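Reviewing the structure listed below.
Going in written order, the chains are labelled A, B, C and D, and every chain counts its residues from 1.
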Amino acid sequence: MKLLEYQAKQQFAKAGITIPAGRLARTAEEAEAAARELGRVAVKAQVPVGGRGKAGGIAVVDTPEQARAEAGRILAMDIKGYPVRSVWCETGLDVAHELYCGVTLDRDRRRMVLMLSGAGGMDIEQVAETRPEMIAKLWPDPFRGPQAYEIRQLAFTALRAVPALADRTGRLASALVPLVQTLYRLAVSLDAVTCEINPLVITASGDLVAADGKLEVDENAEYRHRDLAAELAVDALGDDGASGDDPFEVEAKRRGLTYVHLDGDVGCIGNGAGLVMNTLDLVKAAGGEPANFLDIGGGARADVVRNALDMVLSDPKVRGVFINIFGGITRGDEVARGIIQARDELGITKPLVVRMTGTREEEGRELLREAGIVPGVSAVDAARQIVELTRQGE
Amino acid sequence: MSILIDRSTRVVVQGITGREGSFHTEQMQAYGTNVVAGVVPGRGGATHLGVPVFDTVSDAVVATGADCAFIIVPPPFAADAIMEAAAASVPLAVCVTEGVPVHDMIRARAVIDASSTRLVGPNCPGLLTAGECKVGFIPNHVARPGKVGVVARSGTLTYEVIQGLSQAGHGQTTAVGIGGDPVLGLTFTDVLDLFREDDATRAVVMVGEIGGSDEEAAAELIAAGYPKPVVAFISGRTAPPGKRMGHAGAIISGNTGTAQSKIDALTAAGAVIGDTIEDVVRLVGERVGAPSGR
Amino acid sequence: MKLLEYQAKQQFAKAGITIPAGRLARTAEEAEAAARELGRVAVKAQVPVGGRGKAGGIAVVDTPEQARAEAGRILAMDIKGYPVRSVWCETGLDVAHELYCGVTLDRDRRRMVLMLSGAGGMDIEQVAETRPEMIAKLWPDPFRGPQAYEIRQLAFTALRAVPALADRTGRLASALVPLVQTLYRLAVSLDAVTCEINPLVITASGDLVAADGKLEVDENAEYRHRDLAAELAVDALGDDGASGDDPFEVEAKRRGLTYVHLDGDVGCIGNGAGLVMNTLDLVKAAGGEPANFLDIGGGARADVVRNALDMVLSDPKVRGVFINIFGGITRGDEVARGIIQARDELGITKPLVVRMTGTREEEGRELLREAGIVPGVSAVDAARQIVELTRQGE
Amino acid sequence: MSILIDRSTRVVVQGITGREGSFHTEQMQAYGTNVVAGVVPGRGGATHLGVPVFDTVSDAVVATGADCAFIIVPPPFAADAIMEAAAASVPLAVCVTEGVPVHDMIRARAVIDASSTRLVGPNCPGLLTAGECKVGFIPNHVARPGKVGVVARSGTLTYEVIQGLSQAGHGQTTAVGIGGDPVLGLTFTDVLDLFREDDATRAVVMVGEIGGSDEEAAAELIAAGYPKPVVAFISGRTAPPGKRMGHAGAIISGNTGTAQSKIDALTAAGAVIGDTIEDVVRLVGERVGAPSGR
């Protein structure tokens, strides 16, 4: 669950991190009103992807009239597939220096990593690649959290690399202690996999202000943040209920399915991400093009299977579906019932190839056979079969 | 011989009375696993599937000498169940729960690291020592005893590989599904280290997938001198970069974690790569010799 | 810093622990109004000591008129030296069972201890002494806090000892997990040395309700809870600015001094609690009676010494003052300056005996000598001297 | 010989530029303590009292090989300073700060327990090895070298005892003021264990006070067979029960922690009790023999 910039900033502000004054505008008129209130502002497109500045999604304006005009232009844009539904109008900062400060999941260390750099701003990813020593890292004990002395150490390491900051390193290190602790606690309390401030601006008067923010919440923990998700849903979907994402993926998400839309014509369903990825590989190896990735997960019951088939077939490009089931926690008979029910109720006429093995495979195969669907055992054979069947229609 | 579990393993099931807990406990019993206890808070004193149920893991361990915890509880309770098993000093905990919040697992992993407990999972199919014991839900009939160790991130691919090996006559020692979550217990390197010490294991099949760098870490370990042949398979080759493929871990980040980077690292380290599961089975055959008769 | 019952309960409620509905009343009329609103209530004296029930400080009333009468009676009481300044009017509970649940500092384990018992209520201290096995204890890791499984374990241990609860042990254990976690987090966030609910009532409908509460905040951490301290000051002191404590101790607290009022006539001042306790012992051994304990602490400067002397002499019973200084972090010259200044400005005529040694003793003694005060070196001799001098006046 | 510190000890002062930090660093230097560094965040690169100042303890340790941290910082920063010393693996940290919140100390103590660092304090006068080294603010001229170990909760009483011993000609090995807070580092038993192993220490004077049960724990250790005579003094005999005597720890709770319970426990264990400091000095004399010449 990715928050938009303004949503992330609202979380920062609530936690006590300073952000520039700003107003959200969903129309050019609202942007004009915001500029009238705030004066000189930056009008910033609210989209859940990076690179909006380079795409023309940010404009600095001096008058309310300009704000209206630029907001109108930006609200008509589509950035990397995301239509702009709102702009954040924000007062400018008197920037003395830009830092980077972020918390993100480090898989290798099995912990969150805190990163701080004196080289903040748009090029931080390039800095990470070319001058990794410019980014100081800390892996706090998950129960203790980052201690003040650890953050000071991190700050001294990061800031010593920036000669321009030499005269204020001590003051900055002190000021960063509460800010970094707040950011880390916020990340943990929101179950964030990423929570970053970039740039973290040092203003001419020496204050630390979060000029941009990124916040992504762990999907497994969304049940603990229903309020946030509900608020997001309103904002992300706007009035017409659609988002900038692929419409099939939006629909899949609504249905609670793990689905990725691809370009081909062979629908693919399986239980378990690895198996589905391999199913895609097998279809490709057999000369076909997968239309999607759809993992019904472990322990999926009949209704989930029906839901999945309905989803895959909603893509008109799909010419047939390969269902690859190796029962572990998933039980063959349950899946079989779902397939049969879906075929009958949805009136599916396109080819279905079902490969079924594993837990309760006998029961499952028997059900399929009774319903007139021939179950396969080998995934390789089944993949060849579905590719052949879908090619026949060409 | 085997690793982690065998016919003497005494299993306590945390969440034994749930729908999934009941079903898979029965499957495990059918496989021959010695399930000695269940734990369900508030159900202490009851009997379920022929085994005594306790309020706490600690009670179960004291009463039954359980030495392996099978954790099959809903996601919000998984980390707590893992910590409870660790606090009771259960040597092995196997958590199959899918969808555990990553911050929960970060904390649970820190507890595990400070304990004497080994953790397999979460979000994994568990493990199986062929013909002796299974903890988790690797299907009962796919494995057969033999000389090949299997370690895999993906659950269902684990089954595919085991089935492929068995059908070709190459039995297994132990198959371990480590799970695909970003924060988990045993990793490829941990399991490879265990197989190294197991005399019965003559070759190891390793099933990786895109995301993370555990396969790369395994490559380093192999490159440092691994005494047994390793045949590897990496799934997700056709995955488009940046697309999320269901496993939270299966996100391609930076320039590591791609299928190609893993294949390159493993090849350079001296492992052989199978392009398909059939390939894997053939390559194993070339290394462990003719299949043992059926 | 000890909170009153109603203040503790407000903290519980804010944290999410259920408390009975109640209103604070500072007059009989307010109590009447509260009873009109709440119906049948208990009128409870708000004093920072235990045993008020046995002292007659709690009355259960059926009508607003009774509430007025009883509140009037209770507000005129003085319980163990504390005049009752307010009453808490609270609806009664349908009590099925009483538990005890508390968090307190365990010096021996160097941690907080969580305690839970199925034998809650007024006699919990007796239970602790005679049937300690009825109280289950847990010492949570201070960074991890109590985990759910630990609390369940604690609950099963505590509740198994109560056969009457056998049929609901599981439900209670589940319900206690969030409650105990909340109580522990509250204790830590408030820097509490004690935070307890007794009784924790199981109502007839099966809810857990905090029927009484005790909360004491670590004095060393009061700087982190200034809001709470300010709120308390209003309530504890009432309109006339005095509290039920010894007026000398109240004044000392206002002055920021560590002072205990005693019954004798020899004023005692020293640096360090151990030294002052020993000073008291020495005065007693010499046949005198200490009038007070006053520790000026480590590193005390001249103004603190002056403040201390002024405080001690405000007790008219005091016939002379023994100042015992062994400089470590405290410096002799600073103390000497404070003594001289106080003597001169306050016009002290009563006998002063100063024993001075340790850090900067030479400088300190020199200053005293110049000012006409003969400094002693031996504490024993100095104690004898002050006792003699104060006896002379008899 | 001595315990914990000697002439080779290299001290880093956390908070060296503060008013108290400066004064007592000078006093320590005057006593002969080898102060090698100071730490003040943001003052790295400066020199103060002739020693280099660093931003972090870790920097100071790397640059100077400091093996003892003297912590003299305001209460809100004390626990963090202790943790920083522990993270830098400084073998001994001495914190003299008074008024540290007890929850801070509970956390700091947990960190210390998981580290290789020993902690003395907080709210203590520190320690002194006679004629060699002092860390803290035991007055410079009261001690003289000899054979008596001193361990005390109260700061100023520590000085009294040392002075009394010295004036009677009984010099000291090391005197340790452990502090009177409820949660602290080394306790009586820890220091008694250290004196046990120190050949130069022939007798130990232990100065306890009301509150807590550390004196009772020490009595248990002595009763289990302690090879050196222990002379004990307990202050606070005239303290009224339940009254707070300044030290957070000096609260009489339950039926333990009173002066009498401590005296009884120690007497039963085989320690001798001095009723006054003069008494203590006399009893020490009876045990270590005639004073060494001056």
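Here is the rule we use: contacts are C-beta pairs under 8 Å (C-beta built on N, C-alpha and C of every residue); 3 or more make two chains touch, one makes a residue touch a chain.
Please read these numbers as outputs of a predicted model, since none were measured by experiment.
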item: Third chains touching both subunit D and subunit C; value: A
item: Between A-B and B-C, the pair joined by more C-beta contacts; value: A-B
item: Chain separated most widely from subunit B, comparing mean CA positions; value: C
item: Inter-centroid spacing, subunit C versus subunit B (mean Cα positions, whole Å); value: 56
item: Inter-centroid spacing, subunit D versus subunit B (mean Cα positions, whole Å); value: 52
item: Separation of mean Cα positions, subunit B and subunit A [Å, integer]; value: 28
item: Sequence positions of subunit D contacting 2 or more other chains; value: 107
item: Shared interface positions of subunit C, touching two or more other chains; value: 141, 143-144
item: Overall pattern in which the protein chains touch one another (line/ring/star/complete/other); value: other
item: Interchain pairs in contact, sorted by label; value: A-B, A-C, A-D, B-C, C-D
item: Subunit C-facing residues of subunit B, complex; value: 41-44, 55-59, 77, 80-81, 83-84, 87, 107, 111
item: Residues of subunit D touching subunit C in the complex; value: 20, 23-24, 27, 75-76, 96, 98-107, 109-110, 125, 136-140, 142, 152-160, 163, 180, 182-184, 207, 209-210, 212-213, 217, 235-240, 243-250, 276-278
item: Contact set on subunit C toward subunit A in their complex; value: 141, 143-144
item: Partner subunit D, residues of subunit C touching it in the complex; value: 105, 107-108, 110-112, 141-143, 188, 191, 193, 218-221, 223-224, 258, 260, 262, 270-278, 280-282, 284-285, 290, 293, 295, 297-299, 326-329, 331, 357-359, 361, 379-380
item: Residues of subunit A touching subunit D in the complex; value: 144, 147-150, 152-153, 156, 169-171, 173-174
